[in-house]
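Just so it is clear, A, B, C and D label the chains in written order, and each chain counts residues from 1 on its own.
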Amino acid sequence: MSGHTADEMMAVEAARRLSSDTVCFVGIGLPSLAANLARRTHAPGCVLVYESGTIGAKPAQLPLSIGDGELAETADAVVSVPEMFAYWLQGGRIGVGFLGAAQIDRHGNLNSTVIGPYETPKVRLPGGGGAPEIATSVQDVFVMLRQSARTFVDELDFTTSRGDRVRVVVTDLGVLEPRHGELTLTQLHPGATVEQAVAATGWELRVADDLRQSDAPTEEELRALRALETKGVAA
Amino acid sequence: MSGHTADEMMAVEAARRLSSDTVCFVGIGLPSLAANLARRTHAPGCVLVYESGTIGAKPAQLPLSIGDGELAETADAVVSVPEMFAYWLQGGRIGVGFLGAAQIDRHGNLNSTVIGPYETPKVRLPGGGGAPEIATSVQDVFVMLRQSARTFVDELDFTTSRGDRVRVVVTDLGVLEPRHGELTLTQLHPGATVEQAVAATGWELRVADDLRQSDAPTEEELRALRALETKGVAA
Amino acid sequence: MAEIVSLTEAVRELVSDGDTVALEGFTHLIPHAAGHEVVRQGLRELTLVRMTPDVIYDQLIGMGCARKLVFSWGGNPGVGSLHRLRDAVEHGWPAPLEVEEHSHAGMAAAYAAGAANLPFGVLRGYFGTDLAARTRVASVTCPFTGEELAAVPAHRPDVGVVHAQQADRDGNVQLWGITGVQKEVVLASARSLVTVEEIVDELVPVPGGVVLPGWAIDAVACAPGGARPSYAHGYYERDNDFYVRWDAVSRDRDTFARWMQENVLEAVPA
Amino acid sequence: MAEIVSLTEAVRELVSDGDTVALEGFTHLIPHAAGHEVVRQGLRELTLVRMTPDVIYDQLIGMGCARKLVFSWGGNPGVGSLHRLRDAVEHGWPAPLEVEEHSHAGMAAAYAAGAANLPFGVLRGYFGTDLAARTRVASVTCPFTGEELAAVPAHRPDVGVVHAQQADRDGNVQLWGITGVQKEVVLASARSLVTVEEIVDELVPVPGGVVLPGWAIDAVACAPGGARPSYAHGYYERDNDFYVRWDAVSRDRDTFARWMQENVLEAVPA
């Protein structure tokens, strides 16, 4: 098996959790990579919905923007943005929603708004976008986020979206899932250690009794992944 | 000049009140005839909007139903019914709205719901349809209604729509317009008399000091009218 | 994912006695074939929802399928009354019919709210009408301006039924022409049935086309001509003469019953 | 009826200092040419509204045109930060920027409410977020179920600006591909400007096309390439490299100022 990057491991691990009857709301970057990978491998029926209004998009290559023309061209339907948020997301028709963030806490609450105080931020982040309502409208929220003590924090600077429906957090070190009301390390990627994961977490990270190792990406997964990653800037 | 029917006189008289920059909300029957006549004669730019969602429809012949396929085929745009009522009618984009009814009172309030008590009606009429909101959303309401004491009543059995914006009532005998807060006879069609109009009104009909006679339909108006009236059941 | 089934099977699986059923199609694509199947299966106590109860609702009401009607305009377009509807309301025949009456704007807002999973829709409407006191409408106050607006409860039918031109083999549906509230009723309903003129290998997008993905629909049934005497844009025209003839057929209870026996009950479903 | 005018004239006639202006286009058809004309005309104290402030808003903010920003996601898509936006918020350069921040769902509902002439939009949103306390959102109670929902004040910009593919000589506009909130912003605004790739003799309906009648628009200006570096579906692609380069250009105040001088201020308007 050839080597793989941390991003590839993350995409593969998230993709494996999607099936052919999943309708997922996808943002740009790793989520888009994961969802498209699933569609190209074990879950050809997986439906990709982008907040730009494209329903059932089937891009051949990874879009740089959620509004890439290819998404509209390959979609089953293109709807207006108000319709997307009202009828499709709020309508409860989306199974899985992917989210990223600058900070996450042990309950899966996310911050993508500011670092520092809201009125006088140290860093003004792009903001929530679709996240606040994705987090409360889809059945299952998947978070994809590189793990570090700066990102996995004891207390958020700002709550952009709620964690109630976060079912899984895929990081570059492993996988966290809610257990007894708190995100708990349930999986380690090949080569990562519990110590690394604990060190990269700003709260006292719990480790599941049944901690298991992630399967490394297969040749087929990597091939499909790399075929997707050829457009514009890397995802 | 050849003879003309009462309906033709009504259509012609209503059509004359539309201009090329009028956007009008049109129902089936006489209103549709009047608006299409205007478009075919002095007001080619008059925009016809049907509540079925067709904006800028240009039917060659009179539709029997507001949903006739020709309306969609010739429209500038076709929108959904929720959009029609929310963005276009309620949005305040319609200048003139045509209404008919089974009863009208001196204030232009209309009844198209029931004759007799609501719970135990003597006659169950079709109901308001678009009328309640047309009556309060367009700038000017035009009513087209054959005049009789059964129809022009002292008191409505039911108020389906409000009369505040009724600017003109075109009947088979003449024209009523609001003067000092009450619909007043301002015009008589050729051949009709004040006595007829008074007899055909269930309240004590006021007659305007400047009562004038309607111009009979011109040859051109009648020709255009009759060219429209060839499809299905007469409007 | 929509299952592609026969109309008989679809109605049997999706519709039960007592359900709230919306057969929609605003002046176009009216699902007559599906309505006839409801009649044939002898469904009872239905709450029927529809902006413009048309001949098909006259038939369902006349055959005693309905307990309640939710609507905004109940006439025979361009012709006059719906006599079976009137007979039910005016004389309780064949059974009393409860009526919940709205305006078009109210019905449209209620469907849109249902599709959006909101409990109510907001509109500038019903003010100054006697309807306001007779129907399910309330007022809400704008928290920013203090303005009062009308609120209607969202439509959330048990079953939504529409007719469309085409479906593909995965149950994706495309319809075009006047699209009415077709999308809203499918999305607002707990279960949905789309009858189609034909099943095609591939849906080719057309101008003005509305596509409903198969995964948002429960059942698709092929029912060519399923909108007749209404029309299907690009397939066949409205049978205006039928609407005129219906006036005479429906005026008399026995004539109506005979017509339904011959043309619906004894007909073979699509 | 829309007047067909030059972009310079359109901006001069429609936009004034202090106006609330929404230049929309959700990831597609972003009206860069119109934004550049706003910069060239030196407009000031604008309240800028846009779901996804993009490079064009970074430019307007960096050039000191804005007093306030109403938005839901302010980044360089696929690249990172908007440095001029950050500089304004973090350091008040070139001027302090008031921020009214929403979610996408809230912005979309606010535009839809504005288009529908309602004072507020209703959604299931903002709950449990810190945003709720920081922005203009209130709660409304469903008069039927007692449920509490979020209300956002309707967007009613003074001027709405969008880019589209085509207009005909009567000012009727057609746009297609990702249609975003284009229709809503035009209908919600007191005045509207549509820039187009080309003026054609006849608008031929395309699948997925949205048509805005000329009588619902104030001005149409021909601005070929007017969305660049964004894209116009069917005309040209997104200049992804530009978005990457913008990161470096915009990081430094002087580099930014120089770039704007050379590429916008000294450029000849469309």
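One rule holds in what follows: contacts are C-beta pairs under 8 Å (C-beta built on N, C-alpha and C of every residue); 3 or more make two chains touch, one makes a residue touch a chain.
None of the values given here were measured: they were computed from a predicted structure.
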| item | value |
| --- | --- |
| Both-way neighbours, i.e. chains that touch subunit D and touch subunit C | A, B |
| Pair joined by the larger number of C-beta contacts - B-C, A-C | B-C |
| Rounded Å distance, subunit A centre to subunit D centre (Cα mean) | 28 |
| Centre-to-centre distance between subunit D and subunit B (centres being mean Cα positions), rounded to whole Å | 40 |
| Per-residue multi-chain contacts in subunit B, two or more chains | 86, 90 |
| Of all residues in subunit C, the ones touching two or more other chains | 112, 117-118, 123-124, 183-184, 208, 210 |
| Chain contact topology (line, ring, star, complete or other) | other |
| Each pair of chains that touches, named by its two labels | A-C, A-D, B-C, B-D, C-D |
| Subunit C residues touching subunit B - in the complex, by the definition given at the top | 26-28, 51-52, 71-75, 77-79, 81-82, 85-86, 89-90, 101, 103-106, 108-109, 111-112, 123-131, 134, 177-181, 183-184, 208, 210, 231, 233, 237-238, 240-241, 243-244 |
| Residues of subunit A that touch subunit C when the two form their complex | 21, 23, 45, 47, 55-56, 76-77, 86-87, 90-93 |
| Residues of subunit D touching subunit B in the complex | 1, 112, 115-118, 172, 183-184, 187, 210-213, 215-216 |
| Subunit C-facing residues of subunit B, complex | 28-29, 51-54, 64-69, 71-72, 78, 80-82, 84-86, 89-90, 113, 118, 121-133, 136-137, 158-162, 164, 231-233, 235 |
| Contact set on subunit C toward subunit D in their complex | 117-120, 122-124, 136, 138-145, 147, 149, 151, 153, 205-209 |
